[in-house]
Amino acid sequence: MLDQVHSFPVQVYYEDTDFTGVVYHANYLKYFERAREHLLGVEALVKLYEEQGVGFVVYKAELRFKEGMRFGDRLEVRTRVTVPSEYRAVFDQSIWRDGQGPKVEGRVELCCVNREGRLVPLPDLRKPRHEGSVG
Amino acid sequence: MLDQVHSFPVQVYYEDTDFTGVVYHANYLKYFERAREHLLGVEALVKLYEEQGVGFVVYKAELRFKEGMRFGDRLEVRTRVTVPSEYRAVFDQSIWRDGQGPKVEGRVELCCVNREGRLVPLPDLRKPRHEGSVG
Amino acid sequence: MLDQVHSFPVQVYYEDTDFTGVVYHANYLKYFERAREHLLGVEALVKLYEEQGVGFVVYKAELRFKEGMRFGDRLEVRTRVTVPSEYRAVFDQSIWRDGQGPKVEGRVELCCVNREGRLVPLPDLRKPRHEGSVG
Amino acid sequence: MLDQVHSFPVQVYYEDTDFTGVVYHANYLKYFERAREHLLGVEALVKLYEEQGVGFVVYKAELRFKEGMRFGDRLEVRTRVTVPSEYRAVFDQSIWRDGQGPKVEGRVELCCVNREGRLVPLPDLRKPRHEGSVG
């Protein structure tokens, strides 16, 4: 998983835009998160939370906005993940349209916490993975 | 509480609008809910949920949109609540601007459920109440 | 288009839920709208707005909530549209999970307005249509 | 305006949280923007956009999340603005609760663009200002 660029499609709906005609800036963080959930596996995330009480938490995010996306745009979220330690996952993510970009770039850093809010090691992201399993 | 009209102010921000220039239709449900939370008492709702595991749940909503509100508008949410049975609270809510309205009208019906999702009687809404206490 | 049930998939993400563990009630209106946009054709809606300044506007919505959907759920939005007059389109929409439902039911009524906010006739929804064209 | 810390209150509602029990990370960007709008003056922003077609645009944002805020929390957004050039405004913003914090810290950088999306100088933020006027 770590050597690949993960690609995830996003459609811009009414709900995503604001009165200036472009996507409201905070919503790109939503797009990035949807992509991360699919990269990690939605079912695996559900299982991790329900069985172990462990969830991913964003502790840092950086965003650069280069061009505003518009209603009806079909976007691609490109994500590359690196794991600098057993406690931190760093996602470099960007927004592309018609193969052109990046229109928005971001780095989002996550850790895992348990039910008590304590830091725990990440599940193993380096093994081959299918939708529905982490590690 | 039951014989009064409760008034709650809402400001329209960037986040609330869409590219057509007006407030995105689903967001009026958010405005209505903020008003209901203040009418019921935010602290009381927190306490009810944390101590008894009981929360209010919307089971029915009806909305009529007459005029779109815009960025920068200072709105008033007017709410009147009736309690037709010990299990149901009916909130008649509307959006006003500069004392003129209703611009949007709604009826939202709620019940209370416990941690297992079972229906439980409402807390007593008929007694005098201060912010921070239900019943 | 008018005799068919349109089916649209929706995934429940973090962003859709609230602290009670289920999808925040207003967000089902977002799911319904995404489905309507695909039924009508996203590109056609963009073209209609950019070339003629005409857009669809919700003037009435009714919702019944039967069961709360959860993080990770893969939902289906089922939509049937009727056109009682040349000015009104009525969408009967519902949420299904694993082929079971409806979990949420709604009726959303729309009209079309031009740049001045005047009511205009709907584009013809009765002709065969492909994604990218209305009528 | 430039030498002061601007304080803005935010209440955490159902709509702001996700199923893990805390505020969804992207929503702090909404809180920060509401505070910036009040600091700059909502009416002035409306006037600037309607009369000159000029609006503020976020081109960079950095966020650090230290503790998750919860339903019912009454927060304070503290904002300090600096203007390193006539084209850039830098907002250092943070979230406080019960006078304790920062729970979330951010730096959000904005510029102004006109209707054609061209960069234009900022309105003068250094003069005394009242709600309802920029510069």
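By letter and in written order, the chains are A, B, C and D; residue numbering begins at 1 in each of them.
One rule holds in what follows: a residue touches a chain if its C-beta (ideal position, glycine included) is under 8 Å from a C-beta of that chain, and two chains touch if they have at least 3 such contacts.
Nothing here was measured: the structure is a model prediction, and the numbers come from that model.
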{"item": "Copies chain A and chain C - rotation angle from C-alpha fit, nearest 5 degrees", "value": "180"}
{"item": "Interface composition of copies chain B and chain C: same or different, split at half", "value": "same"}
{"item": "Maximum centroid distance from chain B, chain identifier (CA atoms)", "value": "A"}
{"item": "Separation of mean Cα positions, chain D and chain B [Å, integer]", "value": "26"}
{"item": "Rounded Å distance, chain B centre to chain C centre (Cα mean)", "value": "24"}
{"item": "Chain centre separation (chain A, chain B; CA means) in Å", "value": "33"}
{"item": "Junction residues of chain D, two or more chains touched", "value": "14-15, 20, 26, 30, 33, 49, 71"}
{"item": "Overall pattern in which the protein chains touch one another (line/ring/star/complete/other)", "value": "complete"}
{"item": "For the chain C and chain B complex, residues of the former touching the latter", "value": "20, 25-27, 29-30, 33, 49, 55, 57-66, 68"}
{"item": "Sites on chain C touched by chain D in the complex", "value": "14-15, 17-22, 24, 26, 70-71"}
{"item": "Chain A residues touching chain C - in the complex, by the definition given at the top", "value": "11, 13-15, 30, 33-34, 37, 42-43, 45-46, 49, 71-72"}
